[in-house]
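Pasting the structures here.
Each of the two complexes below includes subunit A, the first together with subunit B, the second together with subunit C.
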Partner chain A sequence: MNIVIDGKSCTCEPGEFLLEVARRNGIYIPTLCNHEGLLGQGCCRVCIVEVVERGWSKTVVSCIYPVLNECEVHTNNEKIKQQRGIILRLLQKRAPQSEIIAALCKAYSAPALDKLNEKDGKCIICGLCVRACSTLGAGAIATVNRGITKEIAPPFNEPPADCIGCGSCARVCPTKAIEYHENETTRTVWEKTFTLVHCASCGAQMGTQEELNFAAEKAGTEPSTLCDACRKKQLALVMADVYSAT
Partner chain B sequence: MTEEILSLITKYPKELRYALAAMQDMQRQFKHVPREGIELLAQHIGCKTAQLYSMATFYKALSLDAKGKHIIKLCDGTACHIRGANQLIDGIERLLGIAPGETSQDGLFSLELVNCLGSCAIAPVMVVDETYYSKVTLEKLPEIIDAYREVTP
Partner chain C sequence: MKRTLLVCCGTGCLANGSEQVVQALENAINKMGVMGQIEVKAHIKRTGCNGFCENGPIVQILPDDISYYKVKPHDAQDILSALQENKVVERLLYKNENGERIKSKLENPFYKPQYKIALRNIGEIDPGNIEDYISRGGYEALTKALNMSGSEIIEQVELSGLRGRGGAGFPTGRKWRTAAGYDVFPKYVVCNGDEGDPGAFMDRSILEGDPHSVIEGMAICALAIGATEGFLYIRDEYGLALKNVNAALASALELGFLGKNIMGSGKALNLSVVRGGGAFVCGESTALMASIEGRVGEPRAKYIRSVQRGLWDCPTVLNNVETFANIPVIIRDGGPLYATLGTKTSSGTKVFALVGKVKRTGLVEVQMGATLRHLIFDIGGGIIDDRPFKAVQTGGPSGGCIPSAMLDLPVDFDTLTQYGAMMGSGGMIVMDDRDCMVEVARYYVKFLTEESCGKCTPCREGLRHMLDILTGICEGRGQDGDLELLEQLCQTIAESSLCALGKSAPNPVLTTLKYFRDEYEAHIHNKYCPAGVCSKLTTFVIEKNKCKSCGLCKKNCPVNAIRGEKGQAYEIDQRSCIACGSCRQACRFEAILAQGRAQK
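Entry: the complex of A and B
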């Protein structure tokens, strides 16, 4: 089927998410909580667009809006710019230290909202980190409390016992709100410090021991001491031996 | 305490959907959900501690800190508010020295503010444990509270 996005005719499958169709056709829609590995979070509301269907107009969240009928989409008209501006400013009130939100506010000339109290930090509580952690299987962090006191935290506000130090939470975070430090030998996340393991052959960094153990346990093997590249090399050598022997 | 917790949680099948019921049982028995309880329940169900901690902090009916022996729920909904629930809050503070959300020093009373108990016709309403008190006034307050104080021999 065909839909029109910002005057451009785009082909899509029925049920496909609007954001994906737009991206595929080179149309930019700003997003925060959208991550290609964890689709459907749909809570930052930055990616709103206007959909006009049979003369009826509505504002939808493009990352979780399945295209079912032929329609005309406006991703950046005045109405959307204004609404997005307000959403961005509200997000900025919640996360004033976030650079990406500040940049987006500037780009969409978001209106000033003076009367609202400002919170602290960079987190917009989109929950992407919690989803990444539980999807991975570690499940070390969660959303705590509710309403205005809701936050992302490990249980009992202590360094989480279930954390394997993989750093996925920090990597998926759209506003870089999760503190994450790494040097040659250690990695610190959620106030828990992990020792980094290096490849026995080439010395490349392979992640934390907990991470390797977790992966090995999931796969039902022994934790590897070689990095991916060296393991491939070793396998190739074994193969070469087999062939040269025959 | 470990045995008590285990006897509570092992009554339930090892499924996440029974977690809330198990935590409510703990709240009832211990007047709070103890940390050990969350950890043992996670082990029993086979889920993560973080998931249960999230649940325990989400519901107002569950508390991580120990609550008093008797829970006073004072309604501060629209009707009760207009009929002077505010004065009752002050009255309780004078009587027991606790503000909403706090527990008295002797561990006997906890005060909670609620938004509506659905009994607006008898406002202002106060509930101690499971008993409803209607049209509470500052004069009635000491009498109601004293009935729950343990009589020292």
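Entry: the complex of A and C
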């Protein structure tokens, strides 16, 4: 089927998310909470667009809007620009330290709503980190409270017991709000410091011991002491032995 | 003659001591029996809420048709003695505006204009006794429905024109028809009993006072769409509702109205209660379903409706308590008859919780299309102390404030929406000239900042910023541009929020801005609260020539800021006064004046 986005005719499959269709056709829509590995979050609302379907106009969130009927889409008209500007200004009030939001505000000429509180950080409570953590299976962090007091936190605001230090939360965070430090030997996240394990053969960093144990337990194997590359190399040698023996 | 004493045991009357009244009546009956004087065989029944809670505890005597109000345990002896002599206790009868005592419930000006369908049994039956419900035609509709096809049942609901009573007003028949059309099983039927609007208690009353009508309505729906499993989602704060519904489910199961083989038809329905943890947002359909599934009560985008993919991704019909309570009557008497009630586009009746500054507060059921004036002035008896009416807030945090110029609007699904408010689920808060509309808007926004699920940006952050602006205006920090920014925020929140909570959250602000903009401007430009409510902008003074030095103000002052003695005019010490307004509320002589601080 065909839809028209910003005047351009685009081909798509029924049920495809509007954002995907736009991106495939080179039309830029800003996003924050959209992550290709964790689709369907749909809560930052930065990617709103106007959809006109059978004469009816509505504002929808393009990252979770399934295209089911022929329609005309406006990703950046005056109305959307104004509303997106307001959403960005609201996000900036919540996360004044975030560089990406500051840049978007600048791009949309959205001035600060009022004096920003320096104590506020970078988190926009989109919950991607929570989803990443629970999708992996550790489930060490969660959203706490509701309404304007909602926040992302480990249980009791203590370093989370279930955290395996994989750092997925920090990696998916669109505003780099989760503190994450790493040096040669240790990694610190959620105020919990983990010892990093290195490959017994080549010495490459393999992650935290907790991470390796967690993965091994899920796979029903013993934690490996070799990195991926060395394990493959070792396996190749075994195979070569088997073949040369025959 | 055998008499039945119906003692109201709704939440309001229980709080006013109706359980003690029951005890006292029982004791009195026993005592009279022992003394051999009794000629009246009285039987006591604990009923659900009669709706006229402020006049509780209420005792109705049948078949004499006597209703007593504000009954205390020590009245029990008088009531029974009078009954023995076929007399009435005059002092316990309701007194109308002209000072006449009213004996019959139906002659009471509060009840007379009402038309009861959803509340048909409440106050007349013991909710704990299924036989009571059956004796008033209960489960007849289910029996009838068992001999109809699903499509025939739905046709009657469609013909009735019934629209969802939860607030959105979606045609119930169409919802059922859509759900019935999906060939995916299992299907679910869910009752939304997560009533949470401030000041609303319609669903609570039905669940407490007539749980079987809801169960029967759900069973009929299940037959119509082909569901075999259902849930009643009831907020945990409604303790009596939970108790009565659970008991009703058990007795309906016992008599075969539910279970694996409904009345021998071979059809099955299992209903169970899910307790809500107290989040307002769980009244939103998708959040409610998430909560039933055991997830955090957050809504999802409804680009695919829950009637197609609801509970556990299966077709689900979710209706409000009051909607289900209407169903048995529609099936029993036929859809076309129901459609003759109310207006063309909003058929039937609607229950309202009439509260605030109105003389007769309580639960009322009227035909759709009744005017606000009829509700507030005829049934409600007008404003307390005959002060000027200022506004009525309908529809809770999703609704709006309607000014006096619009009192003659008919109340139905569509009319109020055209004016920016909505009928909503039935909350109706009446306000007089001593209510500040900016403060009302601030109150609702504050409520929603606490009750938003916090998932999407416009609702969570937008409401937070609106609250900052409104608090600023109420505290005298309002500035030019505030109102324009509020309007922009409202538009964005309304259009880009995830669920109906966010989409309708701006309504209290938008309607007050539309109809009471001058009040906002007085706060911002003159730092003056015309209603004398916003304490940072208001001082109270006692007008010496009007003060009768009765001392009521002094007695009511929470911080002892009022000095004076009998015989002299009282005076307020401005240094310790917190401008709460208790003195003004207490004064019977209009001697206490609210002034702007800036005007001093």
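Criterion: the second predicted complex is superposed on the first by the 239 of 246 C-alpha atoms of A that agree within 3 Å, B and C clash if a C-alpha of one lies under 4 Å from a C-alpha of the other, contacts with A are read in each partner's own complex, and residues count from 1 in each chain.
Please note the rule applied: a contact is a pair of C-beta atoms (placed from the backbone, for glycine too) under 8 Å apart; a residue touches a chain by one contact, two chains touch by 3 or more.
Since the structure is predicted, the reported quantities are computational estimates derived from the model, not experimental observations.
Enquirer: When the two structures are laid over each other on subunit A, do subunit B and subunit C clash or fit?
Expert: Overlaying the two complexes on subunit A (C-alpha atoms) leaves subunit C and subunit B fitting together cleanly.
Enquirer: Please work out whether A:V4 is in contact with subunit B alone, subunit C alone, both, or neither, and reply first, second, both or neither.
Expert: It touches nothing on subunit B or subunit C.
Enquirer: So, A:I100: does it touch subunit B (first), subunit C (second), both, or neither?
Expert: In the superposition, A:I100 contacts neither subunit B nor subunit C.
Enquirer: Name the chain, either subunit B or subunit C, that contacts more residues of subunit A.
Expert: Per-residue touch count on subunit A favours C.
Enquirer: If you stack the two complexes on chain A, which partner ends up touching A:I27: first (subunit B), second (subunit C), both, or neither?
Expert: Touch partners of A:I27: none, neither subunit B nor subunit C.
Enquirer: Given the touch rule stated above, what does A:P155 touch, subunit B (first), subunit C (second), both, or neither?
Expert: Once the two structures are laid over each other on A, A:P155 reaches subunit B alone.
Enquirer: Applying the document's definition of touch, where does A:I141 land relative to subunit B and subunit C: first, second, both, or neither?
Expert: first
Enquirer: By how many Å are the closest C-alpha atoms of subunit B and subunit C apart after the superposition?
Expert: 5
Enquirer: Taking the two structures together, which residues of subunit A meet both subunit B and subunit C?
Expert: 143, 145-146
Enquirer: Provide the residue numbers of subunit C that touch subunit A in the complex, in ascending order.
Expert: 279, 281, 296, 301, 303-304, 448-458, 460-465, 467-468, 485, 488-489, 491-492, 495-498
Enquirer: Give every residue of subunit B touching subunit A within the complex, in rising order.
Expert: Listed in rising order, the residues are 35, 38, 47-54, 57-58.
Enquirer: How about subunit A: which of its residues touch subunit B in the complex?
Expert: Where subunit A meets subunit B, its residues are 134, 138-146, 154-156, 160-162.
Enquirer: Can you check the complex and tell me which residues of subunit A touch subunit C?
Expert: Counting only subunit A, the residues touching subunit C are 42-46, 48, 59-61, 64-66, 82-83, 86-87, 90-91, 93-94, 113-114, 124-125, 127, 143, 145-150.
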